[in-house]
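Think of it as A, B and C in the order they're written, each chain with its own count starting at 1.
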Amino acid sequence: MNEALFTVNNLWILVATVLVFIMHLGFSMLESGFVQKKNVVNILFKNCMIIAIGLLTYYMMGFNLMYPGSDFEGGFFGFAGFGIASPDGVAGAIEYADGAYGYWADFIFQAMFAATCATIVSGAVAERIKLNSFLIFAAIFVAIAYPITGMWKWGGGWLDAAGFYDFAGSTIVHAVGGWAALAAVIVLGPRKGKYTDKGIKAIPGHSMPLAAMGVFLLWFGWFGFNGGSVLSADPVLVGLVFVTTSLAAAGGAVGAYFASWTLFKSHDLSMVLNGILGGLVGITAGADLMGPGEAIIIGLIAGAIIPFSVVFFDKMKIDDPVGATSVHLVCGIWGTLAVGIFGSSAGLSQLWVQLYGTLAMGAFAFVFAFALMYLLKVTIGIRVSEEEEKTGLDIAEHDMSAYQELKQTSFNYSVK
Amino acid sequence: MNEALFTVNNLWILVATVLVFIMHLGFSMLESGFVQKKNVVNILFKNCMIIAIGLLTYYMMGFNLMYPGSDFEGGFFGFAGFGIASPDGVAGAIEYADGAYGYWADFIFQAMFAATCATIVSGAVAERIKLNSFLIFAAIFVAIAYPITGMWKWGGGWLDAAGFYDFAGSTIVHAVGGWAALAAVIVLGPRKGKYTDKGIKAIPGHSMPLAAMGVFLLWFGWFGFNGGSVLSADPVLVGLVFVTTSLAAAGGAVGAYFASWTLFKSHDLSMVLNGILGGLVGITAGADLMGPGEAIIIGLIAGAIIPFSVVFFDKMKIDDPVGATSVHLVCGIWGTLAVGIFGSSAGLSQLWVQLYGTLAMGAFAFVFAFALMYLLKVTIGIRVSEEEEKTGLDIAEHDMSAYQELKQTSFNYSVK
Amino acid sequence: MNEALFTVNNLWILVATVLVFIMHLGFSMLESGFVQKKNVVNILFKNCMIIAIGLLTYYMMGFNLMYPGSDFEGGFFGFAGFGIASPDGVAGAIEYADGAYGYWADFIFQAMFAATCATIVSGAVAERIKLNSFLIFAAIFVAIAYPITGMWKWGGGWLDAAGFYDFAGSTIVHAVGGWAALAAVIVLGPRKGKYTDKGIKAIPGHSMPLAAMGVFLLWFGWFGFNGGSVLSADPVLVGLVFVTTSLAAAGGAVGAYFASWTLFKSHDLSMVLNGILGGLVGITAGADLMGPGEAIIIGLIAGAIIPFSVVFFDKMKIDDPVGATSVHLVCGIWGTLAVGIFGSSAGLSQLWVQLYGTLAMGAFAFVFAFALMYLLKVTIGIRVSEEEEKTGLDIAEHDMSAYQELKQTSFNYSVK
């Protein structure tokens, strides 16, 4: 490959990395907006730590768990050792340059993906989980569980050999994160007062501008998430992926608009916001396989699913303050199956492998997350006290408030 | 053209697309910040739907109205059929690769532009327009009116043949959107209580951080809006466009600083914010033709225009809560004329064609928007009731509030 | 160099420029979030004007002071004249194309850097400085002081000849800005009521979501700040810089987490946010020289420094509302020294040149800023009145409030 073409391919992976990075701001703002005012510092703190923990654990072991190496084929588990290239690996990085991008670009792009998976959980368990328990959960999940299922497909594992298709991670990132969120919520239980004898209490988010900003930033980042997953700057494929990604998001907005009107007879902003995200999650598995019309249909359906799914989880007393399970789990499964239904890949045998692929990864992620969360529950505890939940985690865990109007005691530098 | 050069040119169009996309977040935040607290959800909802509607209608017909094809020359109207390339068009997309970028990149870059045009209107009519009436207006305007005038120049129509110059859309996007906004505001009327016997009532925006964020994001996106309009990654031209765009924005800030001090004897943040946008709109028509010094002058004048224009429209009882007509219409015209005054293109004959070009497009856009808005007014109605306007559109149209402090009744999943 | 490779290198400098630009939004949000509600408009106004002033002065003289030309070697001062390339320079820009990027890209990338340096000061002097005095200070500092010290290394001056290493500006941008901030704060004095007989009063910021948003945006922009400083799209080097930059930021978060827990026994969000920034500032001098493990260590130490440094400055009664001196000055020095301690560059002689390089630039910046601020103090005055400080600068200087709840008198277009 000539130097210029290699350079432009590599550059796109790096630019896509930057775009995926900003999804962490998107998640932070979305989750902040959807929680109550008294729990905003806590969400922001968690999101700052998750990206840090995600990058560090992926450096230490995740990358080598997920990509055990070129000799590895078709297995369930592989590991290429701790750490990534040592300083002399800089030279190694050049030799690696036979592919479409360099070693460092490969690592950092994948590392940004890894951290998003843990972030999905943080919204679902918001407003009642203990900070440090969550951080330990996130560290272990992103260091071990995410790379193992990811390897099954992207690292050349058994599901890759079986013909499972998941272009940019409807299952590998989103449904896996969504299953972990579901498991965590079940072990943790709902917020106090959410489900009462008198019905389901509405606990509205404290700032719709923050939530909307989060969704726009996530869409923005998704151009890197899906576009970068082409793994080169191929003009036709990256262009197509941009078109399908955008049209699916647009379809998601419209689908959620009509479905929420049908269900609630109101123009529900939260539903449209989550509908956009649902469309994006839905197209992710097949963004490079669909035509524009198919992308719109996939998005429309994903968006229409959202209000029904949110109602369903609430009826099951699965308390997810931001709708992460509906967006990432339900639409992630939908998008994975859509690969077997639409586009050039459509076919019953493909649909079948899509189904057992997503269920296999989901089963692993759910069981892993459930067991880990349960273990934390019976050891250090995972839930703040009722008193702390009522006061809010910002004061209880951080001794500060998100906004100046409320009591704030931080910035009080008495050394203890 | 060699593969690597084609790939980098195409990549820049795609990256520019991502930048233009985030302008929709910029508009959302700017408009949210400039409206009252009780109308924030409504603005956010509209902006989510506009980008969705813009992309979908541009896919369905806008793109083929605006670019009727290579055989088309010098006419007033052309249409290449519904929809864009079908799945077999993926192969077609490769053949298209004789140009500087691929078919998909071309479509998605132009589609992002289209949606911005409708967004310009949404700020001007904020705080009193009916949601669904506005969405119907936006859909029809972006599907039909914007592509027709756009075609006159960018699609190879009669104004292109006449020598009209509009590099990235001072007229084609901004003034056209601004004329539509003006027409819509005239049909709609001012907010209740804005213009009284006792004078003009100040109705300040609810959040300056959101407004400022919007302006920075718009400037950020403008690097893609203008830079991408080079239609290749040409190092000299894209570099020059970055320089002129930035310096014009800087000039706009300084121009508005001094003009608003002269007029109001205060350091008015709203004016400086709109001054930056005015500078950006002003340079857009000739960003590739000007030297740095000329860009600064164009921006200074655009910024200085803003406070005078805002006062003028208020005296005319044209109620535009965000100043969209001043920014996009007035500075759009100024920028279009500036192409005939400054730079290598300067000359009386050029100035003349710039004038009738911008007036021709403006006349079409104004009449189209006026007629459409009037038609909606006499059929389904375009204005919320006085009671609803007083309560705020968030409760009236969406049954929720933007912030937790206020009464919020959403997230109440009783199926109706 | 072939055309495609030149084009992709140049494109990366331009994309990096866009990323550095958005750091100005990052600073705006960070500083807005960390100040009190009554001073938010003032911070936003200053940040809008600083980027404008920075670009314009850099165009007028800064660029030619900082890069006196290829004939210049090893001196203390040089100047290539006022203004940049005239319109006929467009042709000149093509000839310049022997390097890795064009003339315009070079100018605009450097211009964005210049403006960040002045922004660092604005946070430290927030909540009590007179608007126009600050703007004059910023204009002179960015027009003269920053380019002179910058030239010593990046323009081929005496410190470059001496072997001083500062990849992307731990000293040249951050410590220089930090020294200027320190000087300004000393001349200006602390906010009223901050240091009393009863101890140090906590004055918490008014919005943690804005502050967190600022930090994420700064990290986002830092990919351009450090990545663009490779001055080409070199796949190995840009990739490595992305890895070291990200891992240092992650290390900074973790370092601040543990250090602030140790010091304050609380999970302090402000500290973790500044810890991330500290990690980023720390890696900036050697981002292209370190391996991933070294980057983590540099970041961990930088993050751990933050809480101690914040306490230290508070004990010295240096009142810096946003922690700019801790982040940019202290971690900037640390990062500069780290080049002599870690990586392939490590060694006592390198450490020595790093030390006197950072001290030499720091001494110049401190003395220049101190003298300039003092001159302003004894002439036009630099501090608002006690009454104005109590009321808040938003009303006092801008006659408006950041949020609608408070009294707002702007948008009142009576021409004076």
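For this structure, a couple of remarks:
The definition used in the following text is that a residue touches a chain if its C-beta (ideal position, glycine included) is under 8 Å from a C-beta of that chain, and two chains touch if they have at least 3 such contacts.
Keep in mind it's a predicted model, so treat the numbers as computed, not measured.
Where chain A touches chain C, under half of the residue numbers in use are shared by the two copies, so each contributes mostly different positions. Note: Cα superposition of chain B onto chain C, rotation of 120 degrees, nearest 5. Centre-to-centre, using mean CA coordinates, chain A is 32 Å away from chain C. Contacts with at least two other chains are made by residues 4-5, 8, 11, 15, 207 of chain B. The touching residues of chain B, when paired with chain C in their complex, are 2, 4-5, 8-9, 11-12, 15, 19, 36-37, 200, 202-209, 212-213, 215-217, 219-220, 223-224, 227, 233-236, 238-240, 242-243, 246-247, 249-254, 257, 263-270, 272-273, 276, 290-294, 296, 310-311, 314, 343-344.
Chain B contributes residues 3-8, 10-11, 14-15, 17-18, 21-22, 24-25, 28-29, 32, 40-41, 44-45, 47-49, 51-53, 55-56, 59, 83-87, 89-90, 93-94, 97, 101-105, 107-108, 111, 131, 207, 210, 397-405, 408-416 to its touches with chain A in the complex.
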